[in-house]
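Common to both upcoming complexes is chain A, partnered first by chain B, then by chain C.
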Partner chain A sequence: MEQFIQQILNGLTLGSIYGLVALGLTLVYGILHVPNFAHGALYMVGAYVCYFAMVELGLNYWVAMAAAAAVVALLSVLCERLVFHPLRHAPPIHDKIAAIGILLFLEAVVQMHWGADFRRIPTPYTEILRLGELTLPAQRLLIIGGAFALMGALHLYLKKTMTGLTIIAMAQNREGAFLVGIDANRVAMMTFAIAGALAAIAASLFAPINLVYPAMGHLVLLKAFVIIILGGMGSIPGAIIGGLIIGFAEALGGFYISSTYKDVIAFVLLVVILSIKPTGLFTKGVR
Partner chain B sequence: MNRAIDFFLSSTMRWLLLALAVVFPLVVTSEYLVYVMALAFVWAIAVYGMNIITGYCGQLNLAHGGFFAIGAYTVAILTVDHGWPFWPAFAMAGVFGAVFGLLVGVVSLRLKEHYFAIFTLSVGYIIYLLIDKWEELTHGSLGIINIAPPEGFGLVDFTETVPFYYLVLAFLVFAIWVTRRISESLLGRTFRAIRISDDLAQSLGINLMRNKILAFVISTVYAAFAGGLYAGVVRFIGPEQANFIHTFDMIAYLLVGGFGTLMGPLAGTLIITWLTQAVQGLEEYRMIVFGPMLVLLVIFFPKGLVGTFLSWRGRRLARQAPRGTREPRTGASEPAADQSQGARNNA
Partner chain C sequence: MLKLEGVDAKYDSFKALDGISMSVEPGELVVLLGANGAGKTTLFNTISGLMKPAAGRITIDGKDVTGRKPSALVAAGVVQCPEGRKLFPGMSVLKNLRLGGYVHRRDRAGMNRTLEQVLAMFPILDEKKDEPAGSLSGGQQQMVAVGRALMGRPKLLMLDEPSLGLAPLVVKQVFERVEQINAEGTTILLAEQNAYAALKIANRAYVIENGRLTMQGDREEMLGNEAVRKAYIGA
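Here is the complex of A and B:
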């Protein structure tokens, strides 16, 4: 039973990280209808900026995380301005290829500067809490707490502020949003900034219990895609619920089925779901 | 001027290109350059496959590199672990390419647009993970060495670079010929109709699913045969072969040459391969150049070299033609210039 609860905790950790990355992806998809293949690279750049600020500059963990969020948010906005904005009327295949171009570029730049070696970010929170038979590393609790706090803040921002509401309005109905005078450029830039910051924070939270390397974004990106397909592309609660489903499936599957193939579990789920219901689990109607 | 342009599209030009390819190993002194050219031809065959599903039929297949790896691993496993000669193993590579292509196609092609791209990206990753982890079958991350080279016929020995070059050239010419036949047939026009719009194609009475699966299977067979040839020439293969990066390389080749054109895949592959060769040390960091290049190309020249040339020629002819006369046909490789501008709005 303890083992089971331990795996549930692991699943919650993974799920909250995946959820944060998927949230950014689904927000961008909701606004521009672009599957942003470069999102995983933004996640990776976030981890490296955090690594740079913390290990090479010797800054505090939280300052490093804020720096990562700011840098990646800026980078994300730049991608929108320079790449996705000029392509807004192009056939959809072009956005995807351009996003892949950004992904390859960012990875190559990081690899040129830091090399392909695995790196570690030390965590300032090394305590391990014990609760009976359970072991709770502080960093994991921080991830779960941080991720859910961030999701809550995002929810409040989207529902209670004017700028947040413009994002929702544009995701719901583009033409309608234009009609009531919403500035599409501002909303798009805002969305990309939020998505980038979420990815960078997720990476900074997760990096201390994981490794930092140029290809670290691949699997996370693919799983985030699986999640937003599960949860319905563009749906915010869907991304959070989907993140938890994949997190639990991976933790429990990795423990009870096979740890070698735990990374395949998410994709097998995807294949099964899409074979049965080609539009995703929670989507209604079109697409 | 017009005659110069027409010459580029004439059959004389095609024979001239072939003649150039045939004398290439005789003119070039270094065997290494012949080897590089042979490898470029192998990749070009795979890119022709991608051109069928992505270029003609408009479905962005991101698992193409995975099917290349399936072909290569089929040859490697059959020759090394089961002692098969090369040619039967090579034939099996095509069979496996078709079988896996059919299985993946039946599931994935029910999905549209983004869902299809994401799904195939996942399929590519599953192929990579399986190759990397299934050690009993694929030797895992160690890879497979000493793959059997193609057996020669009589005096020809394909372990040497130059005969192998001609072998690959023969396959490439065959691949281009098949593509041309498809492109000019009703099937090719069916594929193009599907690219322009699913709804349009369906309203013409085209069976979407059957034609998409057909295009997909043709493309995976191309990829698997190219992979088989690759295993025969390099004679070593590892899980890296199934990495995304090769699929992205192929997209770059196709985009530079021009989606849905007949000579685009060859032009793109050769240009990028030789540019990469020309700048020493670029191999590892090629993506620093390729990445922004992909972005700039899709923004400013989405039709690629061949596509831009063809549509420039089309406009030129239209200007020159006296009013009222019918425009001459620009050939079957003409790209659909009006690639459904409003596709995103409808999608």
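Here is the complex of A and C:
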């Protein structure tokens, strides 16, 4: 039983990180209508900025995380302005190619500066709480708490504020949004900024229990894609719940089935769910 | 209030609007008659800034707004209630309406006042205000669309085929509301295929065919015009 709860906790940790990354991806999808392949690279850059600020500049963990969020938000907005905005009238394939270009570019820049070595970010929270047989590392609790707090804040922002509503309006009906006077550029920049910040915070939260290296975004991005396909493209609750499903499946599957195949489980699950419900789990009936 | 001089619009090489010159004076209700594909929606989208004109000049109260962004037009008081409604289907009716007042978002008190007026005009929307707009019937969705446009406090309201696909009784209600909105001081440009119902409440009308304005006149002239009767009224 303890083992099971332990794995549930691990699943929650993974799931909340995946959820944050997938949320950004799904928000941007709502605006661009193409998957942003560069999102995994933004995640990776977030981890490196956090590493740089904390290890090389010696800043506090939280300051480093805030710096990562700010830098990556800016980088994400720059991608929108310099790459996606000029391509807005081009066929979708151009966006996809450009996104892959950004991904390769960012990885090359990071590798040029830091090399391909694996690096570690030390966590300032090394305590381990024990509850009976359960071990609860403080960093994992921080990840879960931080991620869910952020999701809650994002939910309130999107549902309760006028500027948040404009993001959803734009995703639900682009022309309708223009006709009420919503400025497309503003919404696009805001969405990219939020997506970038979410990816950077996810990376900064997760990096202390993982490794930092230029290709670290690949698997996370692939899983984020699985999640938003599972949850329904553009669906916000879908991204959160999809993240948790993949997180749990990986943790439980890795423990009970085979840890070697834990990364395969997400994709098996994708195949199974899509063959039962091809539109994803949370696509809205009303369109 | 609204003035177009020699406006052309193109889809690639296809000329969808050809030398449109027209005007709408303050307080008027002007009808734009035309068959499917005649260019009504293109004309509306060009005025709204969704499409950039290839030639010509558009002015609002004497100010040149040619090629301005849709958000600038809404801020200038030109609000379109589009064909097909273009609501935010997953959002509640209330949020759809509030977003209609997006350009006035800093004026909360004013927005709440307008919201009350809109809900008073369409009491059914008050009942359904928490339901997703996409779940409403066609007629109710049309009311949300008109209400959303009114939330922008338009000086000129452009209605693109508000009667499309609605039951005759609902069409009658919609036209009553349009007449009421005009009587309360909002200038209206109404695109319609339902010529008789539209002309009955209009001051003037234009006829658009293949992207050109082919006829214009006041209500009596249009209702009495043989060609208009044949083509659009069917009597």
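Going forward, the second predicted complex is superposed on the first by the 279 of 287 C-alpha atoms of A that agree within 3 Å, B and C clash if a C-alpha of one lies under 4 Å from a C-alpha of the other, contacts with A are read in each partner's own complex, and residues count from 1 in each chain.
In this text, a contact is a pair of C-beta atoms (placed from the backbone, for glycine too) under 8 Å apart; a residue touches a chain by one contact, two chains touch by 3 or more.
All values reported here derive from a predicted model rather than from experimental measurement.
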Partner chain in contact with A:A169 - chain B first, chain C second, else both or neither: second
Most chain A residues touched (candidates chain B, chain C): B
Touched partner set for A:V180, first chain B, second chain C, both or neither: second
First, second, both or neither for A:L222, with chain B first and chain C second: first
Overlap of chain C and chain B interfaces on chain A (superposed complexes): 287
In the complex with chain B, residue positions of chain A that touch it: 33, 35, 37, 82-83, 86-94, 96-98, 100-109, 111-112, 218-219, 222, 225-226, 229, 233, 260-261, 263-264, 267-268, 270-271, 274-275, 278-280, 287
Chain A - residues contacting chain C, complex: 162, 165-166, 168-169, 172-173, 175-183, 284, 286-287
Touch list for chain B against partner chain A, complex: 54, 58, 60, 107-108, 110-115, 117-119, 121-123, 125-126, 129-130, 133, 244-245, 248, 251, 255, 285-288, 290-295, 298-299, 302, 339-341, 343-344, 347
Residue ranges of chain C touching chain A (in the complex, touch as defined): 48-50, 69-71, 73-75, 79-80, 82, 85-91, 95, 98-100, 102-103, 105, 132, 134-135, 148-149, 151-152
